[in-house]
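The two complexes that follow have chain A in common; it is paired with chain B in the first and with chain C in the second.
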Partner chain A sequence: MGQRALGRATPWLLLALPLLLLFLFLLLPYLLTFYYSTTSATIGRLLNVQEVGLKNFQAVLSSNAPPFFSVVTITAIFTTGTLLGSLGLGTGLALALHSVSAGVRSTLLAIFLIPWVIAAVIIGYTWRLIYDPAIGLANSVLGAVGIGPIDWLTEQSLAIAALIVANVWAGYGIVLLVVSGALANVPPNIILAGQVDGASYGRIVRRVILPAIRPTFLLAALVALVSGLNTFDLIYAMTRGGPLYHTETMALEMYRLAALKGNVGQGASVTVILFTISLALAIAYVLIWRREARKWS
Partner chain B sequence: MNKRLAALLSVMVIVGSACTPAASEAPPASGGATQPAGTQAAPASGKLVVWGRNYTVEEGKAQPWAPDPKAKFEAAHPGFTVELSGATSGDQFNRIELSQAGAVEDKPDIFQLDNIWLGQFVDEGITANLDSYYANWADKSDIVPAYAESTKVKGSQYAVWFYSDIRMMIWSKDVFKKAGLDPEKGPTTWDELFADAKAIKDKVPGVNPVEFPASSEESTVDRFYSYLYMTGSNILNADNTKAVFNDAGGQKALQLYVDLVNQKLAPKAVLSETADDIYPHVFSGATGIMLATVGDGLGSLPDGFDVSKFQSTIGAALPPLCTGCQPATTAGGWMLAINSASDNKDLAFEYISSVTDGNNMVPFEVERTRIPVRTSGLAQADAFKSDPYFAQEAEAAKVAHFPPFIPKYTAMIEILWTGMQKAINGDLPVKDALDQAAADVDTLLAP
Partner chain C sequence: MELVRFSLAQRIVRATVVAIALAFALLPLLWVVSIAIRPGSQSVYPISIIPTSLTLDNITGVLFGKTGIGLGPYRNAAFYGISAAVITAVASTLGGYALARYNMRSGEALLIVILALSFLPSASRIVPLFILLSASGQYGTAQGVILAYAAGATPLGIWLMAGTFRQIPIRLEQAARIDGASAFLTMRRIVLPLAVPGILVVATLAFIDGWNSFSLPLILIPKDTAQPYTVALQRYIQEIGYGINWPLLSAGSLVALVPVLTAFALLQRRLVRVGGLGGAIRG
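Right, the complex of A and B next:
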């Protein structure tokens, strides 16, 4: 009897520590963030704070410095750019690697994954140096062919584009890895069948390979999407959201309000909004994934 | 059911990774300033806990704390030991704040603080009021007059100056030579600045004549203040309750920046540049003049620059003056304060007094190329001969100004640099940009 009880309890005993850590370092911060979003908490006063209802959300949504709509728009453009760029580059490289021999493939894969394992802050400062208008690599290269100099991080559209390029470079690796794994599982006979039927390589990719890896592709897309939405360190290192809030995303706004201005309540309310958007995207992913899974099963 | 649970957990983890909690921990504010610390009965034995910056306690280097002051203190107080520890700037701030919340085991008796933290620490009740100590302190007359009042908050003394750094204009001697200018003489007035910049623009293509930081971070305002102060303007009024940087002097200072950009003597790219970005431009000859940088002498030398190369490459002087203006610059640096919760305040002040003594500080300041804050230290020019621009820095120290030590300083400067950016970017005229920023600062500072 005792042994049976112990046997039943063993999984929970083994899980106790991870669950406790999960609660302390994941769930509790979420709950506190939700709580603080409805209080007047500041960085110097996190205890005995006053309940303010939805006033923090109201303040964030009606802010003029910068307007929240502008922050959401910049976030959407940056995230979409990151998503498309990462998917395009990651998938393109994966397809290219799929067509070379296994030995070359693993060497090149290791090289292409290097940016993905470098800390985003280092990537941010590296790209900041590349974009330096006076001594940067980008203007040096363009100058050699008579173009420039270009103020990469000053004008809004160019600055956002420059940030997207840097973030794609930093993040395409996960797409490359996931898609490469999926490509390895595509049955070679269906590709051969396409070739026998006289289909071009582009047509085979479009009609055979990509549909075959669609569920994995969806996962890679979700990861790239969340990565774009979540990016803070790289933008902070490159522009700090400026100039004139022209590159301020929601992640940056969250930090600026909570850490720089010390208004934890308003920072937490931006976090809750970002959380809600991420949650909606994740739920959409699960629904789409289940629909796809049903098709394949 | 299990699949659903797994899906839910996956969603939580994915979404969770997308959201950084806005804040995790911070100490509660105790609020209010402390009462003046009087003489107190100190325990007969124990330890004096001192939290300094990491480089002030580095083994094998000159330390201001030891060996002499520490040995002298421990000899005078048998049974007492001085316990020193160092931290980086960010860690120092955090451990001081956390000590207030009891989140760290030890509390310091003495801690080193960046001058811009003082207002916040006083507001949070972390720093002890030192008025009673200053009243009887013989060395207070040795503090450089420009610095003497800057350790006060709301009329009371809360810290003792440790060492300083000064904002200086620097220029590239190579660029000056190419432009046909005297490489040993930088511009001393705004008129000369424009004349030199135009000469560089005309004769040295591909080089930025002038640069100054104007991006979304602190160095933008920190390097601008010198030009504001020299006009007689200030950042806030005397009791730090209202913005005054939008007065005629403030407008004149910002107009300088705007004119330089509009006349293409400074690139618009300054809007995305920090002081740290511009510094290598001057060292590499890509920029002629940087309006202000931290002039702590050799402390910021890039790799490959020794003293002679530094002196032959870079010129340094006080920021150039506008017509009718007074010499002025901005200073920053580090102070020492006593924890309001310390049981050893008398001993702590005694040790601080010994450590900050001009003669004791000089070897450390020479080695670390810091600027003395004592008249007796500044007088020892011979000791600082390895710094080619010590004479200029010593001169600048006499006309140093300080940003206001207020708790909302970081929020305030964001408003100011945004206003400056609007004017430099041409979004608003200088007056409108500063008026708008001043109104926002007034709202921020309103009780």
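Right, the complex of A and C next:
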């Protein structure tokens, strides 16, 4: 008996440490958050808290400064802009690099991936400098062609657009990396066959290449979506959600409620909302991924 | 060999697209460099695009100046990065090997749950971790933050290591065992050496995450002697008061980039190679 039972226990012994780590620092915090979202916990009082049911959610949803609806709208616009921008730029670049020789491709790829490894908060400072009204690159370039200084981060729609451009800079790299990997695995024969048949390059991309990388493309889209939804460092460094909550997303709202106002219960309830949206997207991804994997195997 | 043959016009379009993208990717960084290395008196409106005189005063000022942040936060960030890398590498190697080599009934389901976990993004972990660490008396300690980052990097790590171990032929292990090597010796002499490239990638990604950490230590580490570079830098620019001192902040940003860009340069070919499956899941 001994040998066999030990054999069956081995993988679980190996998994004990990683699973403990994941449970304690990934899963347990979320479970606690669900509990705390129904309590009146504050930053100074986390033990012996009072249960208040759904009052925190009511307070968050009916808040006026800023209205929750506007926070959700800003989050949605920011996330959609980030998603479309990163996906477009990352995929476009991956396709452009796919058609150059391997040596040039790996050099260019390494250069294009530089923003991907930079801390989001440093990226925030970098772009805040670019948008600086007095010494920013954006206004310097516009000034050279005779356009007067623009206050990029003050007016709401301009500020959101400026944040999206910065976040695309931060996020296109992961799309480029993933899509490039997938393009390298597309069998050359099916592309050559398209050429022999006289199809134009655009047609080959639409009809042959993009369908072949569909599963990876969906994965990249989901990564870009979830990371856009959860952008914190970059916005914190650039605008802190201001001026006047004009760029306040859900990620900043939960920081403001929990850490600045000290209302852990309300912060937890925003986290629960954001978590639920992210989780729904992750589950959707896993389902799509399994369906696609079955189709391709 | 080039896969697709392009006409001259198509080549010109492609070169233009790549050139514009290169400008978008690099100009912001070059602007930071140009502000960081020019004297403060030149960083005022109207600004010249090319600096006319150069100085290292900003870089030495932000690091060693009277109110500078010093080397302490730099050491702290290195400590966060390296600790997160080591813990992640160990946990991922153990977990990846178990899932790759043992035919567990629940193995596939576990791998999918782990994949889903890697989608939980760091911003939505701020409040949960604050609650957990405060309630367990770990608030303000470095190990709490390090373990949190390691846990964040481990799902992708397990996923990558499972892929790495699957590519190592199981016959190598069987042969060693038949020759009388113990399980431990087989692991140390045969399996781990072959898995090193994968382990390095996992550790580098975790190092970059740990070094770049900002939101968690911002809230979880109130004591300034334990804060990493990113947090110290933001406190520093707040403290120097009215407006932002861009020459100093640019110099500080530049200094922050050195370790991650070095790690990236050393590992980029490997990173790109596993990218198709690896970078895939890093939110």
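Here is the rule we use: the second predicted complex is superposed on the first by the 289 of 297 C-alpha atoms of A that agree within 3 Å, B and C clash if a C-alpha of one lies under 4 Å from a C-alpha of the other, contacts with A are read in each partner's own complex, and residues count from 1 in each chain.
Please note the rule applied: contacts are C-beta pairs under 8 Å (C-beta built on N, C-alpha and C of every residue); 3 or more make two chains touch, one makes a residue touch a chain.
Small disclaimer: the values here were computed from a predicted structure and weren't measured.
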Chain B and chain C placed together on chain A: clash or fit? clash
According to the stated criteria, A:154 is in contact with first (chain B), second (chain C), both, or neither; which is it? first
Discussion item. Output check: A:271 vs chain B and chain C. Expected answer is one of first, second, both, neither. What do you get?
Written reply: both
Max touched-residue count on chain A (chain B vs chain C) belongs to chain C
For A:245, using the defined touch cut-off, is the partner it touches chain B, chain C, both, or neither? Pick first, second, both or neither. first
Should A:114 be classified as contacting the first partner (chain B), the second (chain C), both, or neither? second
Now for A:286: first (chain B), second (chain C), both, or neither, which partner does it touch?
both
Going by the contact rule set out at the top, does A:229 touch chain B (first), chain C (second), both, or neither?
both
Inquiry  = With both complexes overlaid on chain A, does A:45 touch chain B (first), chain C (second), both or neither?
reply    = first
Running into chain B, out of the candidates 81-89, 117-125, 153-161 or 171-179 in chain C, is stretch 117-125
Intersected contact list for chain A, partners chain B and chain C 26, 29-30, 32-33, 36, 41, 46-47, 128, 132, 134-135, 222, 226, 229-230, 232, 251, 254-255, 258-259, 264, 267-268, 271, 274-275, 278-279, 282-283, 286
Seen from chain B, its contact residues with chain A in the complex are 7, 10-29, 120, 123-124, 208, 214-217, 267-269, 271-273, 277, 280-281, 284, 286-287, 407-408, 410-411, 414-415, 418, 421-422, 425, 427, 440
The answer for chain A against chain B in the complex is residues 26, 29-30, 32-33, 36-37, 41, 43-48, 65, 128, 132-135, 151-154, 159, 222, 226, 229-230, 232, 239-245, 251, 254-262, 264, 267-268, 270-271, 274-275, 278-279, 282-283, 286
Note: in the complex, chain A contacts chain C through residues 10-12, 14-15, 17-19, 21-22, 24-30, 32-33, 36, 41, 46-47, 89, 92-93, 96-101, 106, 108-122, 125-130, 132, 134-135, 137, 140, 143-144, 169, 174, 177-178, 180-182, 184-185, 188, 191-192, 195, 201, 204, 216, 219-220, 222-223, 226-227, 229-233, 236-237, 251, 254-255, 258-259, 264, 267-268, 271, 274-275, 278-279, 281-283, 285-286, 290
Chain A partner, complex, touching residues on chain C are 1-6, 10, 14, 17-18, 21-22, 24-29, 31-32, 35, 43-47, 49, 87, 90-92, 94-95, 97-99, 101-102, 104, 107, 110, 112, 114-117, 119-132, 134-135, 147-148, 150-152, 154-155, 158, 208, 211-215, 219, 230, 234, 244, 246, 249-250, 253, 256-257, 260-261, 263-265, 268-269, 271-272, 275-277, 279-283
